Amino acid sequence: MKVLITGGVRSGKSSFAEKLATSFGEKVVYVATATAGDEEMRERIAKHQSRRPPNWTTVEEPVNLRDVLLTARGDAVLVDCLTLWVTNLLLKEEDVVGKAYEVVEIFPKITVPLIFVTNEVGSGIVPDNPLARKFRDVAGLVNQVFAKYCDEVYLTVAGIPVKIKGVS
Amino acid sequence: MKVLITGGVRSGKSSFAEKLATSFGEKVVYVATATAGDEEMRERIAKHQSRRPPNWTTVEEPVNLRDVLLTARGDAVLVDCLTLWVTNLLLKEEDVVGKAYEVVEIFPKITVPLIFVTNEVGSGIVPDNPLARKFRDVAGLVNQVFAKYCDEVYLTVAGIPVKIKGVS
Amino acid sequence: MKVLITGGVRSGKSSFAEKLATSFGEKVVYVATATAGDEEMRERIAKHQSRRPPNWTTVEEPVNLRDVLLTARGDAVLVDCLTLWVTNLLLKEEDVVGKAYEVVEIFPKITVPLIFVTNEVGSGIVPDNPLARKFRDVAGLVNQVFAKYCDEVYLTVAGIPVKIKGVS
């Protein structure tokens, strides 16, 4: 079972992902793609961590998602979030969509349930900044790649998970 | 019956909310959280008003939603919108999410149908401005609080209300 | 059959629209509202074109959609996209919503299937720039006009078309 959860900021993506992960068992591997680069991000990470059950394992991996997923052991693996992973790869000038395909192509080898959190970033005004436009484009394409290879996809709106792919 | 209607700008939220309010009866109390602070907002408010039936009662209340809802009498109460209420509270440096809980906790005492209009503001690019980021976060959390305690939630897209919570 | 497909940037709108157009037959008229005004747009257009079957006919029409639709012959007509059409009309200071009504009022005369692609642009933070705010408003209103007169409306999210209007 591979699940993608997408939605706007503060739409309840992470809470729903954590609830879903817990439904698979107690031993959840939480893969954090955030790096505590600045004060605001540090606070956000700390808030997220304080909400997670103490028996979860946290792996911090900003870039190499593929290897982390291949080696993770537990009842479920939760990756939060793909959008920061995209940001980290863009900063390293990687071929991000290519990297996304390298991750989804290992899906058949993975038997532990995988849950990915990502963001909707393309429903506002076109940004002035060309880098922001590129980021929107790449983030959107990566969401499409993961959605295509996941069994279930949810869009969260105001805390409500709306299933948009998978048997209901 | 408590209903939350969320959606992007010009997605048909207010029109749908007004139609829904009318379905409960003629005597609708319209709670406007906007203040006519500038020319653009004044025009927007005037346009909204001209669309409302003349026998509706309008209450202007930018901040104290709880008391307005406790005392309102009519066939339905329509609050338009929560996002401006969030803005007004942030400007006064209030604990906005706390205030949201103070509103939803009176829901069981209220028998008149309540309809809340709010905005999706978190599906664009991360804003540069820290205040805008804070606003997005708080607006999203407030939407979650109201959605949790409302019986029905709709997402409007291109004028179409999509029910995302409640029996269909 | 008239279909509107809306969604954020890189949410899979155009791919889905092209698949849908192909389902009606081989002779598709592709109406491009983009003008190759700058390098970035030129690249985007070239990428889009390379994806289209070679037997499709391309019509470039940034403004006069009504006449193009009245005269187009084929198995289906695909307009990509309304948001650029709105931009082009705003630059000419036209009454854009009025122009939208002039297009939908010819729908009953048109028997060839019409597919329109458009964008969700109103789910981010309120832009500082008054022109950007006006654009959001007009783009949203135009989406409402087309959605009202189309038989089917889809919202694409992460490459997944979610039907929000029409028999499912």
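Letters A, B and C mark the chains as written, and numbering starts fresh at 1 in each.
As a convention for this text, a contact is a pair of C-beta atoms (placed from the backbone, for glycine too) under 8 Å apart; a residue touches a chain by one contact, two chains touch by 3 or more.
Note that the coordinates shown come from a computational prediction; the quantities given were computed from them, not determined experimentally.
Working from the CA atoms, figure out how many degrees chain B turns to land on chain C, in steps of 5.
Between chain B and chain C, the superposition angle is 120 degrees.
Regarding the chain A and chain C pair, does the interface count as same (over half of residue numbers shared) or different (under half shared)?
The interface is built from different residue numbers on each side, given that under half of them are used by both copies.
In whole angstrom, how far does the Cα centroid of chain A sit from the Cα centroid of chain C?
Taking the average C-alpha coordinate of chain A and of chain C, the gap between them is 30 Å.
Among all residues of chain A, which ones touch two or more of the remaining chains?
Counting only residues that touch two or more other chains, chain A contributes 8, 120-125, 136.
Spell out the part of chain C that touches chain A in their complex, as residue ranges.
Touching chain A: residues 7-12, 40, 120-125, 127, 132, 135-136, 157-160, 162 of chain C.
Flag every residue of chain C that touches chain B in the complex, lowest number first.
Checking each residue of chain C against chain B gives 4, 6, 8, 118, 120-126, 130, 133, 136-141, 143-144, 146-148, 153, 155, 164-165.
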